[in-house]
Amino acid sequence: MANLNLVQAINLALIQEMEKDDRVILLGEDIGLNGGVFRVTDGLQKRFGERRVVDTPLAESGIIGTSIGLAMAGLRPVPEIQFDGFLGPAYDQICSHAARMRTRTRGAYTVPLTIRVPVGGGIHAPELHSDSPEAIYSHTPGLKVVMPSSPYDAKGLLVSAIRDPDPVIFFEPKRVYRAFREEVPEDEYTIPIGKARVVCEGTELTLISWGASVIQCMESVEKSSKSIELIDLRTIYPLDLDTIEASVKKTGRCVVVHEAPFTCGVGAEIAAQVMERCFLHLEAPVQRVTGFDTIMPYYKLELNYLPDAARIAGAIDDAAAY
Amino acid sequence: MANLNLVQAINLALIQEMEKDDRVILLGEDIGLNGGVFRVTDGLQKRFGERRVVDTPLAESGIIGTSIGLAMAGLRPVPEIQFDGFLGPAYDQICSHAARMRTRTRGAYTVPLTIRVPVGGGIHAPELHSDSPEAIYSHTPGLKVVMPSSPYDAKGLLVSAIRDPDPVIFFEPKRVYRAFREEVPEDEYTIPIGKARVVCEGTELTLISWGASVIQCMESVEKSSKSIELIDLRTIYPLDLDTIEASVKKTGRCVVVHEAPFTCGVGAEIAAQVMERCFLHLEAPVQRVTGFDTIMPYYKLELNYLPDAARIAGAIDDAAAY
Amino acid sequence: MPRKTVLKVEIERVSILDEHGNYDAALGDGLIPDADLVRLYEAMASCRYLDEVAFKLQRSGRMGTYPQNMGQEAGSLAAAYVLDNEDWLVTCYRENCGLFWRGVPMESILLHWMGDERGNAMSRAHFATPIAVPIGTQMLHAAGLAWASKYRGEKRIACTFFGDGATSEGDFHEAANFAANLDLPVVFCCQNNFWAISTPGSIQCSAPTVAQRGIAYGMPCLQVDGNDLFACAYAVKWAAARARTESKPSFIEMVTYRLGDHTTADDARRYRDQAEVDVWKERDPLLRTRRHLEQKKLWNSSKEEAMQVRVKTEVDAAVKRAEEIPAPPVADLFNSMYAELPAQLAYQRDTMQTHSLASETAAKAEGH
Amino acid sequence: MPRKTVLKVEIERVSILDEHGNYDAALGDGLIPDADLVRLYEAMASCRYLDEVAFKLQRSGRMGTYPQNMGQEAGSLAAAYVLDNEDWLVTCYRENCGLFWRGVPMESILLHWMGDERGNAMSRAHFATPIAVPIGTQMLHAAGLAWASKYRGEKRIACTFFGDGATSEGDFHEAANFAANLDLPVVFCCQNNFWAISTPGSIQCSAPTVAQRGIAYGMPCLQVDGNDLFACAYAVKWAAARARTESKPSFIEMVTYRLGDHTTADDARRYRDQAEVDVWKERDPLLRTRRHLEQKKLWNSSKEEAMQVRVKTEVDAAVKRAEEIPAPPVADLFNSMYAELPAQLAYQRDTMQTHSLASETAAKAEGH
């Protein structure tokens, strides 16, 4: 057991998977000597050599496109995209190829690929360094989309992602990178992709979130006088609908919180699913506390954009008072 | 008045806007002599010359990126992306720049751009020629997303899109291109972006769709014994929530139909909005009839993927029987 | 000092058997033994006949859009011939001839264009990737596949084919740049057929040669007559050796011509002159190979006739096999999406099937 | 015939004032009049001082991430000097010096890095596009801007700056290819500073020169000493003339060096040797310009001192102005999204403001 932050937990998971499986190779911009701009791959090139930890040209489509080739040949590439906003140039290779290769070839070729991406706002970064594109990739069949909110989850989920036979986008919330430490076993463990975690049980309202927003939600739960069940999705696609359904059937009220823009965000999908599955149990419409339908602002206003405990409390009150 | 199909209506709109406004220029792959692979720009290069109707290199990011420059300089470029599936390489320029330039520069630079894209399935096309990515761009603040379902609407909406001071993605449903003709005024008219059309009024259920699926919906309405109000969104972002709200408050039931995959599709947003706005009026959860969370299949199975009148009827029955 | 030359580069063009029957023995001899040359000619003829048949199938509604290979058979065939059978062949959609040589069954390609994913479910033993529909994207996969063999210390290299139009896409650039800077054993073969659908070559690459694209990456580049089996074989052999022994990429421009429409959905008369096509008909790789064989007394019209019968029988049989394959079960929409089907997809599959069954029953009841 | 040369290209390197003080009068004389040279030197000094101040602002939490320009001042400055004031200047983020010469206020750049979009709300009269954060993407805008002036028959051309790393992106390739094939008046200036954050130049371009990237498009290419104001001015002048009179693009590699960290978020000691930095410190564009001015008796230490005081006053005043600008009202999140705010965005704005007010009131009530 070690007391690790999220960066360290991911670093540890990478070390262990690389030691165990020679097929695992890392590639990306500045991940070698520099250890990545967030130092997530710190020390790995020294440990595993330039053959297994590869600094690539500055070209995201190239990183994902070559990773697809590596994966088709049977390796388990773990590319890093430096920031959420730079997934854009790789969008086509992800959606036109990584997500499609298995179904296109009826399984003759598969793409066991884990794309690591720092995600989200709150760290005073420049433009395009604070986005939350998880809905885009959740709407793209053939991918899995994962976002841990804690060091423990990060390690277990990353191991699952690397071993998964299908492409996984592994979002790492930047705001959590060094926000806190927790006990993380050195021993091998996995957290299954597709299973949410009930952070705390409650009876009056279900609060659903993922990534960094889970921390704001925990704050809101603590401050609230109501009995709130907090669900951390962990995996965004495929959604753990059973856990959500069971909770909302119990509580009758639901609030979803995410950083990404409101319209067509994952919050909409959850709201729609909750309605479909828990219609007769719902005491109030599902509330969404999200980023706005605006560009993530430069950092002077970023805290006004991001859901905070006050906005979450407001939504909880609205749902409760409905 | 002329009796035109959708291809001809768009061609006419382009001619008229180009005649009226020298700032309007067309660019894209094979749009010149060849008139585009769907012949939407047929005859335009002959009429307006190679200066205003430009065959570009085969590079979608290049097409959109240069269009952004053209637009920043004050022109009104109308690029064509040859098929929905080839928007992918242009994703980054659309989302990182076209959608952001106004807010990034607080209005000093704007991008009055209309991106024309044939969309959707049902024409026996190869892979990546039948996709429906409207949810992706509706989740991207800074864009407007339009999809007509008829020649009349196509002309009026395209004129609005070209004149709009902000970037518009103009999706043209391939299945409708030559499906039918209708009276289309030669005279100038516009259809406002952001306003839905009530295709037919009804009292028992609201059916919402856009693009080619509207036709399947009309079929279902005709076949149904219920009084159904059919709404054709016309614009997907921004959504005309007032029209939707008014209708569902009246009918109490709602079914949304689209071709795109289910999860995080625009159907989810509409369902969530309907719940938020009409909660106490809803007699049944909003039903979604959509493509599946699968890759749009090669054409042997495409009709099994696309929502058809039978599936729509099933959802109508489910909603009614709830 | 003030102005000094820091770089000098040259590009050569290789031609061994030209359209007039000139044959350069110095370069050509030993490249392709006579027996193989006959087989290669037959392979081209068979591919050509498939094009004819496929065209008719499409016109009669028995197949979707199909891109004829007509005129461009030599390049990919020469590559498949020269490469090891376990080298990766990463093609676009106009390289049937190379794929068939490699052993990909004709019905796989037919099935693909008949709208059936199972056409791509080729055996991994062919080391051939599926037809790449989004232009310019497959070269990155080739770079990754080559990288994997380098990583594993295997001898396998990757050879990728793409059109002149494809070199306009950013992904082409990234693939070439990755291969050059990370020392990946890739052979880049551009089939410059002067057209990308209706767009002439000058709009894709206004430079004097497409070959010089490779200079940007410090790659050795060669231009060859792409309708010349010998020249193509020569170039790929050279590039493959460099890839295999030095783990370095090279760039080959194969100058060729698309004798047919872009695809069956296209009508090339809208944008190009018949005169141009006629010139290129004379440069047809089949024609010159046949003439060469005849000159060498390896071929004659009775052999030709016999072969045409054989080819017809084979191709017709492949079409029959492909057409006899029934549409996949509808559940296949879902079943190849993930290694393990997520619960929600299973739910969608199951409810879809209920609905389809219901509607089938309803349709039957209505007497359709 | 069998192997013949089809292309020969050369690339030259231009250097006029080198780091040892050698000056080539044949090429240099007439390029930059003495009075201008003094002003250019002062502009570099001012930009350099801003770098120092910005670094401290970041370290003391008064500014976000900031990329120092240190060492690379000459290239963009020479371009801004040589170009017409109404030519488009389409830069990345390490071209402050050129932007300031053009008239962009220092506080605009400061404001940008202080996390305020209004830093980009520059007057259109500067013909300068905002700082481009996604690498390699702005060159396409330059191509489009140039296209627009060609379309309108204007004389205006576009000059775009980008790093060596940026040439690895597909968008770079597409921009160059569009410009070459559609005959667009663009000057491509690559500031090759040998690093892209921690990644050495060989991983971005292993070819002997970056300049040869341009050969792929048939563009004339020139390599210049990028720390040499004269050579940069010479090259941009040449390329601008070609753009303006022939409407054709050119490619310039400016060889330079980033003397500082990549940004204030970076620590270059992790990946590069101080010895390398030390070599380049001797090649500093400020140093050599100052020495040259001193040799010509246009400069001395008392002028230097007086200038440093002036520069400090100016920069400090700009910082003060930037810092005095209060954060934008929260509604600004919404107000620049569209020409006309869609109803739903107005709703989001209004409810957000209610919430923020409510939480402020609550916070006050709790005594925060």
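We just call them A, B, C and D in the order they show up, numbering each chain from 1.
Everything below uses one rule, namely that a contact is a pair of C-beta atoms (placed from the backbone, for glycine too) under 8 Å apart; a residue touches a chain by one contact, two chains touch by 3 or more.
Being a predicted model, the structure only gives us computed values, none of them experimental.
Using CA-based centroids throughout, the chain positioned farthest away from chain C is D.
Rounded to whole angstrom units, the spacing between the C-alpha centres of chain C and chain D is 43. Computed from the mean C-alpha positions, the centre of chain B lies at a distance of 35 Å from the centre of chain C.
Centre to centre, using the average C-alpha position, chain A and chain B are separated by 30 Å. Computed from the mean C-alpha positions, the centre of chain B lies at a distance of 39 Å from the centre of chain D. Within chain C, the positions touching two or more other chains are listed as 117, 134, 168-171, 174, 177, 181-182, 203-204, 332, 337, 344-345. Residues of chain A in contact with at least two other chains: 56-57, 59, 61-62, 85, 88-89, 92, 96, 103-104, 127-128, 141-142, 239, 263, 292-295. Viewed as a contact network, the protein chains are fully connected, with every chain touching every other. By the touch rule above, chain C contacts chain D in their complex via residues 1-16, 18, 22, 24, 26-27, 168-174, 177, 180-182, 202-209, 211-218, 223.
Those residues of chain A that touch chain C in the shared complex are 25, 51, 54, 56-57, 59, 61-62, 64-75, 77, 89, 92-93, 96-97, 102-110, 141-142, 144, 164-166, 194, 238-239, 241-242. By the touch criterion given at the top, residues 61, 85, 88-89, 91-92, 95-96, 99-100, 103-104, 127-128, 135-136, 138-142, 237, 239, 260-261, 263-269, 271-273, 275-276, 279, 282, 284-288, 292-295, 322 of chain B touch chain A in their complex. Residues 64-65, 112-117, 133-136, 165-166, 168-171, 196-199, 203-204, 265-266, 270-271, 327-328, 330, 332-334, 337, 344-345, 348-349, 352, 355-356, 358-359, 362-363 of chain C touch chain B in their complex. Contacts from chain D toward chain B in the complex involve residues 117-118, 120-124, 129-130, 134, 137, 140-149, 151, 158, 170-171, 174-175, 177-178, 181-182, 332, 336-339, 342-345.
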